[in-house]
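See below for the structure under consideration.
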Amino acid sequence: MRRVLPVLVVTLAIVVIWYVAAVWLNSAWVIDQAARAGREPSFMDILRGTMNQDRPLLPPPHQVLAELWELTVEKRITSKRSLVYHGLVTLQATMLGFVVGAILGVALAIGIVHSRTMDLSVMPWAIISQTVPIVAIAPMIIVLSNAVGIEGRTVPKTIISAYLSYFPVLVSMVKGLRSPEREQLDLLKTYNASRWQTFVKLRLPASMPYFFASMKVAVAASLVGAIVGELPTGAIEGLGARMLIGSQFGEPMIMWTALFAAAILAALLVVAVGIVQALAARAMGQVAR
Amino acid sequence: MDADGAAVIEARDLDLVFETADGPVQALKGVSLSIGRGEFVSFIGPSGCGKTTFLRVIAALEEPTGGTITVNGVSPDEARRARAYGYVFQAAGLYPWRTIAGNVKLPLEIMGYPAAEREERVRKVLELVELSGFGNKYPWQLSGGMQQRASIARALAFDADILLMDEPFGALDEIVRDHLNEQLLSLWRRTGKTIGFVTHSIPEAVYLSTKIVVMSPRPGRITDVIESPLPAERPLDIRDTPEFLEVAHRVREGLRAGHAYDE
Amino acid sequence: MIWILGSLAAWAALWWVNTRIAASALAERRAGRVAAPLIFGLAMLIVWEGLVRGFEVSPVILPAPTAIAAKFAASLDVLWIDFVQTFVKGALTGWVIGCGAAVAVAVLIDRSPFLKAGLLPVGNFVAALPIVGIAPIMVMWFGFDWQSKAAVVVVMVFFPTLVNTVAGLDATDRMHRDLMKTWNASYWQALVKLRLPAAMPFIFNGLKIATTLALIGAIVAEFFGSPIKGMGFRISTEVGRLGIDMVWAEIAVAALAGTSFYGAVALAERWVTFWHPSQRGGR
Amino acid sequence: ADDLTLQLKWVTQAQFAGYYVALENGYYEEEGLNVTIKPGGPDIAPTQVIAGGGADVTVEWMPAALAARERGLPLVNIAQPFKRSGMMLTCWKDSGIKTPQDFRGKTLGVWFFGNEYPFLAWMSQLGIPTDGSPEGVTVLKQGFNVDPLLQRQADCISTMTYNEYWQVIDAGVSPDDLITFKYEDQGVATLEDGLYVLEDRLADPEFKDKLVRFVRASMKGWKWAEENMDEAALIVLEHDETGAQTEKHQKRMMREIAKLTAGSNGELDPADFERTVATLLAGGSDPVITRHPGDGAWTHEITDAALK
Amino acid sequence: MDADGAAVIEARDLDLVFETADGPVQALKGVSLSIGRGEFVSFIGPSGCGKTTFLRVIAALEEPTGGTITVNGVSPDEARRARAYGYVFQAAGLYPWRTIAGNVKLPLEIMGYPAAEREERVRKVLELVELSGFGNKYPWQLSGGMQQRASIARALAFDADILLMDEPFGALDEIVRDHLNEQLLSLWRRTGKTIGFVTHSIPEAVYLSTKIVVMSPRPGRITDVIESPLPAERPLDIRDTPEFLEVAHRVREGLRAGHAYDE
């Protein structure tokens, strides 16, 4: 209860702000409509008119929730409109991309920490890789994987998702793996510990706070990657496709529900990482302060 | 005394300069010293005179900027790779994510001791430093002195030829300290290890050592090397004998001189 | 075939040069630190050129670096206009606002356990809204010009910076905290003198990750509506026109700008967190 | 059966009804073809897909195809099911725009991604600069939907007679509030939705034979769709994997599309081709294409054989 | 001796139990002690007996699980808020992002001393601990003993009523230690501060204190409280007088008893 109450209060506050914003943003349309019909809308008209528009600038919470409920609970999972189905499609790509990205990020960080050559030459290019707008090359990735003979959307989506998520892991892990104090390193030096041993026994455990902070960012980035990867693939399945379809066909509610489904998914993933982090911290003897 | 004469550590004309943002700091200057196999050498000197630095040079943790040093006839780094050193750092430096037993076990894991022997050694050595019940605790759950004892245990858990100890007993009370002094002496006699030992306690230095090295600061130099006339067998009450007091006096004079030089 | 083998050989040779640089004293000096990545990049370009020529890849799929360079040189004026629009106005503004807000919010919610317990999960939720979903909405709200791009960037950089800052504010030493307590330091004093400095390595992590996100965000947001300038606009337009060489010229600008931006933040980090073991050269 | 892949210019909708009808009614099968239809989307450049070998035939607009040809991707028009252009600018009436000359000083939404050529050609014919100056127009790169008009971020936006225009109407805007400018009526129409292949592949008689059968079946599909509009719309809906299209919208779209395909048996009219080229060449300072592409840009070989 | 009698710290029946993963640890049990204004109280006892814990309780860094404690008549936390404490921790605990001078200046900044006075105090107090040239160095550039002196300087830089020092001189050589002992005594006499001082050195405890508290471990209890008969004025050679040796003897016996109890 003590943990739920604050969340409830904050959520409530946000909902209130949201309603106010919805009325404010959506009212323009109501007024415009009325003006074209030659009427002067009353405040109540505006209020009513903003609560359930087909194409709202900002749909009020109840509208999003109702739609979400309909698309998740009331639809069969196998339905093309079921958000659970689309969510699972996206989740699969996210998890694949996240795993690949995390492994790649950690592996590169290990390389960079252990090899001066890698440090000097790879790091700048890892940065550059992130400045390449992924959406620009996503179509190329698909065209190329097509040309190479890879059918299906999973591989390109995984690539894009991993591409976005490896970087936060890399940056944090380089820092984390370098965070042991001199004395801690020297101790292992006197044991003539191998690089591998130094890594496993010291650098890795010392990097854990950085690791988990980056995992939370990376899992969110993976999701974004999966969604971006769903755009140029014919926009058929996945939450990204839903957003696009909603945007394309002028159906904001599809877009908003997909957006929310994605955010809920992201929040769940971040929470999951948080739980793993808490478990790991307990296993490593750190208590929550 | 117990030394068989062969030089294990041979330093000649060592210089070490640290480059810092506001100019160089000369931590060691023209340090020459020869330590024979099985010797127990204490280093004593004012704070900041370079004792830690010298120990670090021996253990290949610091590269001297001048002079030469050999350990077992090879470079310190080669000796390090042959796992010649056990090192007790001035700060306990326990890994916070490992229990006390886990910390003591660490070098054993690294050096590939079999699992059963590891447990046995950890048990024994924790008993030696009187931490038997605390194997499952984490470092921050121990008092300062207990942490330091854990770090001593960690260095004693495996069999290194050369034991380098940087103020290991600084945070211990007299009784435990006396006890550990005796334990260390008997371990040294039993194993014939070569020991380099930094301390600020003159009686401790005299009681333990076959050779006492007095250093003075800025730049860190050796001002006196005293060969102890005391016998190998040393009961605690040897500390009241005139020989003992005489050596202690000489050390104190050397120390005072260093300070005078400083100020 | 000759092109392919030749490029791979060139790669091997340049990698070897880099290994030598890394091993030599040069690695500690600026010259080495600049040369090594350049050589690495050169190697990549040579391999790219070789492969494109060797496999006769169509220029509308992947142009050769030389072709891109030629296009780059010929389009400097356009590239500059796009750079100002997207990077200076969109990315930079958004980065400053987003990171500033994230640090501020982290500090704010950190002060009140209640807010922390309430806002952090909700913040995760809000800030994890995917960019491609937000971009159309921001265009809807803030119009077609750079303001909507900056807004997307704000949302994108917020979360990484927040997470890292919160982690950093928790990363203080027990004794350091106790000291502050014995001096009865006020909350703000402890924050400014202990927790923020201790959090800096983490905050800079977030800031560095945010630099690249900011650029991606500003560019991608332009795909969802923009005036007829900007890097994202140019990229999306030229892809449709098969002007792939221009697309890569823009990507090159993005890479240059992004790397300089990242480099600037990394320099600031070196300067601010010089005391952290990872910056003391004690590898 | 012979495999063949068709890349569409946009998502599954009645705009491509003919191909879906041919698939559903088994016309392709009758010709011994196994056709895969790949829907397009906002990020998909059909020209790039075909260049990468992801498709054998693509549906593309002629300006984009000719521009690609000039950039070294030799696309050839093998058939032209669309006779007329469906593109137009849709404006708020209350913005005061009555003739194209009134565009000056206004904000116009335009599709880019290779679809901007007809607009640029038109503006340069009108002599209106597109740089945002007071006597010129401010151009926005319009996204995928009609929001810029509804939110009044633009005075006019690009719409297709069969699609976006109706999205505006569906949003509750009365047609009386709008004024439209069809490219067709302004004399700047360019050919849309033709079938294109890579030139070098035409040297292969086997491939050519496949194309002949493909075009024949496709045109059969188109003609069936024109006659059975509501059924055709339902077939399209059947193939819409997104489940986002509505029956009402597709049926309406089919009726509008039929107006555009009417009058074409699939054969490209060289006069239409020349008109398109002329429009594009007139692009003023920034012409879409710099020189006449020559007659290599189209061929009647396939349609001649198919429509025999 | 110098105490004016009014109790500054009044502990009654303090208990403190740490809950750890493998069961509770009783760090303090039934500790009652009264410390008068201006007293110099030393705590001595085997490692892990609860000295640090008791000091932390006084400074409101640890909440006792039983018993009562008042400082200046109010709760320790209120006293803390009134900035009654200067605390020297067992480990130096310098802030790595500040220079030595910056570290010493830190409490002054927090307590709002004017800038000019800050500089002056930093200068003076660094001189006192013999670190004059090192103000611009960073903590990791100093030796262990120098770091500890810096942390002492930090606690002395401002005027706290109550000075709590946890083995402040543990890492210092005899000469510096003697010097600092004298300095501390004179500071105490001059300012009338109340000082709580943990040490493992019996002579140091006897030399400095008006009252010596002997503790014994597991559970941590007070086994003896010795009021020193020595005069307030104490030259260094007071350490050879019979009164001094007698007190030292009594402390040693108390310590030994604690250990016997333990083993």
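The chains carry the letters A, B, C, D and E, assigned in the order they are written, with residues numbered from 1 in each.
Everything below uses one rule, namely that a residue touches a chain if its C-beta (ideal position, glycine included) is under 8 Å from a C-beta of that chain, and two chains touch if they have at least 3 such contacts.
Chain-to-protein mapping (UniProt): A, C = NitT/TauT family transport system permease protein; B, E = NitT/TauT family transport system ATP-binding protein.
Please read these numbers as outputs of a predicted model, since none were measured by experiment.
Trainee: Give me the set of chains touching chain A intersected with the set touching chain E.
Mentor: Common contact partners of chain A and chain E, which must touch each of the two, are B, C.
Trainee: Following contacts chain by chain, what is the lowest number of steps it takes to reach chain E starting at chain D?
Mentor: 2
Trainee: Going by C-alpha centroids, which chain is farthest from chain B? Tell me that one.
Mentor: Relative to chain B, the chain whose C-alpha centre sits farthest away is D.
Trainee: So using the touch definition from the top, which pair is joined by more C-beta contacts, A-C or C-E?
Mentor: Top pair by contacting C-beta pairs is A-C.
Trainee: Could you name the chain whose Cα mean is nearest to the mean of all protein Cα atoms here?
Mentor: C
Trainee: Could you tell me the distance, in whole angstrom, between the mean C-alpha positions of chain B and chain C?
Mentor: Taking the average C-alpha coordinate of chain B and of chain C, the gap between them is 48 Å.
Trainee: Any idea how many Å lie between the Cα centroids of chain C and chain D?
Mentor: Whole-Å distance between the two chain centres: 38.
Trainee: Round to the nearest whole Å and give the separation of the Cα centres of chain B and chain D.
Mentor: 85
Trainee: Between chain A and chain B, what distance separates the C-alpha centroids? Give it in angstrom.
Mentor: That gives a centre separation of 53 Å.
Trainee: Using the touch definition from the top, which residues of chain C touch two or more other chains?
Mentor: 61, 136, 140, 223-224, 236, 239, 276, 280
Trainee: At least two other chains touched by the same residue of chain D: list those residues.
Mentor: 43, 45, 48, 51-52, 143-145, 147, 151
Trainee: Residues of chain B touching 2+ other chains?
Mentor: Touching at least two other chains: 91.
Trainee: Name the touching chain pairs, please: which are they?
Mentor: Inter-chain contacts occur between A-B, A-C, A-D, B-E, C-D, C-E.
Trainee: Please output the residues of chain A touching chain C within their complex, sorted ascending.
Mentor: The touching residues are 2-3, 5-11, 14, 25, 57-58, 113, 115-117, 119-125, 127-128, 130-137, 139-140, 143-144, 147, 167-168, 171-172, 174-175, 178-182, 185, 209-210, 212-214, 216-217, 220, 223-224, 227-228, 231, 239-240, 243-244, 247, 255, 258-259, 262-264, 266-267, 270-271, 289.
Trainee: Taking the complex as given, what residues does chain E use to touch chain B?
Mentor: 18, 20-22, 25, 44-49, 51-53, 90-91, 130, 136-137, 141-146, 149, 166-167, 170-177, 200-202, 252, 255-256, 259, 263
Trainee: Inside the complex, what are the residues of chain C that reach chain E?
Mentor: Counting only chain C, the residues touching chain E are 173, 175-176, 178-186, 189, 193-194, 197-198, 200, 273-276, 280.
Trainee: Which chain C residues qualify as touching chain D in the complex?
Mentor: Residues 58-61, 136, 139-140, 143-144, 222-228, 233, 236-237, 239-244.
Trainee: Could you please specify the touching residues of chain B with respect to chain A in the complex?
Mentor: 56, 59-61, 80-83, 85-87, 89, 91, 93, 95-99, 106-107, 109-111, 138, 158, 164
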